[in-house]
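Labels A, B and C are assigned to the chains in the order they are written; within every chain, residues are numbered from 1.
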Amino acid sequence: MINEKYDLKKEIEIVREDCLRPTRRWGRSTQIWIGCLLIMIGWGIYCYIHQLRQGLGVTAMRNYVSWGLYISTFVFFIGISHSGTLVSAILRITKQEWRRPITRSAELLTFVSLLFGGIMPIIDLGRPDRLVNLVIFGRVQSPLMWDIISICTYFVGSSVFLFLPMIPDIALCRDRLTVCETRFDKFRKWLYTKMAIGWKGTKTQWHLLEKSMTIMTIIIIPVAVSVHTVVSYIFAMTLRPGWDSTVFGPYFVAGALYSGSAGVILGMAAFRKLYHLEKYITKRHFDLMGRIVLALTLIYAYLNLNEYWIPAYKMATSEGHLLEDLFYGSYSKLFWTLQFGTVLLPILILSIPKGRTVLMISITCIIIVIGAWVKRYVIVVPTLLHPFMPIQEVPKDWSTYFPNWVEFSITGACLAGIFLVITLFSKLFPMMAIWEVEEGLLIEHDRQLAIDIRLKREASERVINIEKLNGEKVSTEVEPIKPTVITS
Amino acid sequence: MKSIIINRYFLKKLGFTIAVSSILFNISTAQITEKRTTTIQLSFYKKANISKTIVGTVKAKNEEGKFLPAINAKVNFYLVNNNAQTFLKAAYTNKAGKANIILPENLPLDTGHCFTIAAKIENDKVFEDAVEELRYKEANLELKLAPYDTSRIAKAVLKTIGKNGEVIPVQDVEIKFYVKRLFGFMPAAEDYTLATDENGEASFTYPKDIMGDTAGILTVVARIDDNELFGNMEYQAVTAWGTVLLKEKEPFPRALWEPYAPLPLIITIAVLFGGVWFTYLIIFYSLYKIKKEKSDEQIEFEAIIKQ
Amino acid sequence: MNDDLNKSRRNFIKKASLAAGITLAAGAIGIEKFLSAKSVPKKKTLVLTPDGKVYQANCGELKEFNPPPVSNLEARKGIPNKKFVMVIDEAKCDGCKACTEACQSMHFIESDREWIKVFKMQDSESTSPYFFPKPCFHCDNPPCTKVCPVNATFKRQDGIVLIDNERCIGCRSCMVACPYSTRFFNWSHPKADQIAETGNMQYSPELSLPRRMGTVEKCDFCPDMIRKGLLPACVSGCAMDAIYFGDQNEDAVTNASGVTVKFSQLLEDNAGYRHLEDLGTEPRVYYLPPKNRKYPKPDMNASGKELNQTEMKMGDMRMSE
């Protein structure tokens, strides 16, 4: 008794069109945007060459603060990369239907931020020319080695995780791209054909794909957790006050998930606006994601409390100096702004329903993402300025740190790189998992059918019952229910 | 020993530091009109009754009237014999103001079985002329160890030659007993000084708890320090009186700070990441299978061909 | 047995006197070489050859006595059956920084970094301040070595922790891991004068020279000096005899004036301790507390001005625990 007007095939066609449309046009604004990004990257590369030739001395880092903006950014980018896992994998495992339109952007964000996150420590190296030493002489005892291993593992995993659900979509792109006049179109055709790895949509292929997806969904979660745990270990495995903490692993993971899912919301908001996907990425999605961010902020706040309250209660000597500096010393303004802005404020905004509008959530997420970045800086730098030995009679620039233009330029270039890869990606491939959305439609359709049937049966049973009771005939007409697409 | 220690500066950063210091030095020379008051002290070192060294320590007065080691002063050494002076050799003082020369083995001795050395600073640009003369008596110090003895007694014997060429023991000279260590001589016990008896002998019992090498071997040393007559004398002997040093079984164990990691760590990492990568392989295999999969039409087509 | 002993003794004496002779001769040659270059061009000197002959040579023909550094493999292994220790007597240290100077010139260190640094320490406001010379502690449980991903910094069997700057990738994990701020990074190219002086040296981890941009360096306990049987630069440079150095296996340490004492006895008599013992790094450098000092204690207020750190508070001056 399904609504006759509802045409499943047509609906699916609309979805496909909506998703593929951005890949067809490269508007002027896109070109300008890409141009700007390329300029930023070019400038960053120039700065990096400068740094390579003159040594890391061109940065503001000195012997006390020997890790600065680069490593903070590394931790931040790796943190953002946890978005994909959470939104995509966890929502998949828990079979949340509403995940379908947003998984792709989350997975992409993971992939890209991991790519550039991995580059950051290499930029930070004094001798990048000796990188192969890591293979020749690699020591598995070093937390840095654990980082390399687990980031590589996660990178491969998240690439596969991004790629698997893309296969049917790429095949669709391949099949839809019929006219190849320009060279660029030919290139695209070639790319799609290669990347679709001969996808024909046979039953076995679907079966294999689904099986692989299930495996990846499960395996990617521990890998993601391991990555940020291990990233925290490069700090926590030292004896430094402020880093020498047993909650650092979970603390970093929570911080990563919280900033990562905020990043996903920002991505969602951007694509929704730019590619006109309001129909698919709805207010409901923002509301639900807002709730998730709220929950994660609470977890993060809890770990934050552990991280600072426990040592603050004891005020052990060396740790005490650091905390004094954070609480009412030179870093106090930054520290308290961060605590209020990125912990208290999101909780306040996101916990009232009115705060979970698209605009409010986006603003909150911008604050969270920037705050998370600054937070990494506050984790890295003040600790380095509070060593066990007093800082005495050293050149002035050793005892202070603020990143200089070289560091900002190179880091900015990496950020631009992230945007560039995302832009190019979204111009080549659909930003929504088309087949997954279709599947959603089908499921919804089936569900409606099932509901119809059940209602019918129940109604008829009721009729029989009533007939039994009353011995009367009752009308069996049931109001048809209009199938609601999950997106409404 | 000390002079050697200080000498290493010259070995190490010879050209540069000396150059710099001497430039500075020349500048200061130009400013000082008067020469600096200088003193010389002489000491004589005799090792194993063979090698003989004379060390002259030169000190010069600075503007504040303090005597400080004079650096780079040329000291001429002479052998004095019946008022006749034979030039031996010249040496320059080092950073500690010490200049040393090795004496020839067959020094002519005077009737008292002695020799006299004079050290002079002559016509130096910076330092005033100075002279110091000292007379030393030749003697023989020997350390005798009982070979199969577990009593650890070392007997030092000091002898010299009398007027008529006869060997006579020297009495009442303080002899110090040391153990040779990597960078110096360690007093063998709290009371490590003994005076020689009428036979010129001093017997010292070495304590038990001295560390030897991996075979328990150590070098024991008898020394006479700053004696008016004999200068500094030293005699070394090797013996197995030391506590045996247990060799480290594994100098490079598997440890967190060594090149080779502890096995549990390797196993943990291998299992964890090996498992993940194995899973990845399964996925890659599925991807491969997807690639090799034939489409439904193809299958039909092949089926038709077969028929 | 007797014969054997005698033989080895004779051999030893021969070797010892020879070594001493060579050292002296080399020192003399060094001086004369310099002088000859400056004033008298053709100067003769006596040279003792390794086989014991003495002959006269022209100074211009002579080269400095510089044994080639040991191979990288050898430098990584270290000297067997030795465990080097240092003892620093705070009661004798008057903060003159002679050790730092000796070290700086020995290793051609640029003035901004000090491999051995003399801190002014005060454990709490009511306790007395004291001078605290701090080299690398060559920890037995070295946090720095644990974290190095490429084994560029390593621990040798003689206890010394060294850096191979031909392998170091410059990740600086070791710098953040060292709790004692001991390590320095070569942020830029070495200065031109330094390249001129050290550029031609043959690199060995034992020498730490020539330094290279983008790698880490630190106090190395002068292993090249130790191999020659000489004390590290800071030890022999200390005019106050405050620094002792030796082999723990021999249970003896020696200071600049050649005074050799029993290591265990020294610690026992003076209540020796190690800095921040509770970090568990097991330093190989021991300290003797500043008891019965014979020089004025450091002026902590005056030091505040020198600190270059305007916001430095009293609390930061304290060492932890």
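Operating definition for what follows: a residue touches a chain if its C-beta (ideal position, glycine included) is under 8 Å from a C-beta of that chain, and two chains touch if they have at least 3 such contacts.
Note that the coordinates shown come from a computational prediction; the quantities given were computed from them, not determined experimentally.
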For this session: Return the chain label for which the distance between chain Cα mean and whole-protein Cα mean is smallest.
Result: C
For this session: Could you compare the number of C-beta pairs in contact for A-B with that for A-C and name the larger?
Result: A-C
Seminar exercise, completed: dist(centroid_CA(subunit B), centroid_CA(subunit C)) in Å evaluates to 14
Problem set entry | Chain centre separation in whole Å, for subunit B relative to subunit A (CA means) | 64
Exercise. Quick one: subunit A and subunit C, Cα centre-to-centre, how many Å?
Worked result: 51
Seminar exercise, completed: Listed in rising order, subunit C residues that touch 2 or more other chains are 146, 151
For this session: Please list all residues of subunit B that touch 2 or more other chains.
Result: 256-257, 259
Exercise. By residue number and range, which residues of subunit A touch two or more other chains?
Worked result: 139, 141
Problem set entry | subunit A partner contacts - residues on subunit C that touch it in the complex | 112-113, 117, 119-121, 134, 143, 146-152, 167-173, 175-177, 179-181, 183-189, 213-216, 276, 279, 281, 303, 306-309, 311-312, 315-321
For this session: Mind listing the subunit A positions that touch subunit B in their complex?
Result: 139-141, 146, 149-150, 153, 156-157, 160, 164, 167, 197-200, 202, 204-205, 208-209, 211-212, 215-216, 219, 222-223, 226
For this session: Provide the residue numbers of subunit B that touch subunit A in the complex, in ascending order.
Result: 256-257, 259, 261-262, 265-266, 269, 272-273, 276-277, 279-280, 282-283, 286-287, 289-296
Problem set entry | Sites on subunit B touched by subunit C in the complex | 1-19, 22, 47-48, 50-51, 53, 72, 89, 91-92, 94, 100, 102, 145, 147-148, 178-179, 181-187, 210-211, 213-214, 219, 236-239, 245, 247-248, 251-252, 256-259
For this session: Within their complex, state which residues of subunit A touch subunit C.
Result: 54-58, 61-64, 66-67, 121, 124-128, 130-131, 133-134, 136-139, 141-145, 148, 234-235, 237-241, 316-318, 320-321, 324, 329-330, 384, 386-396, 398-399
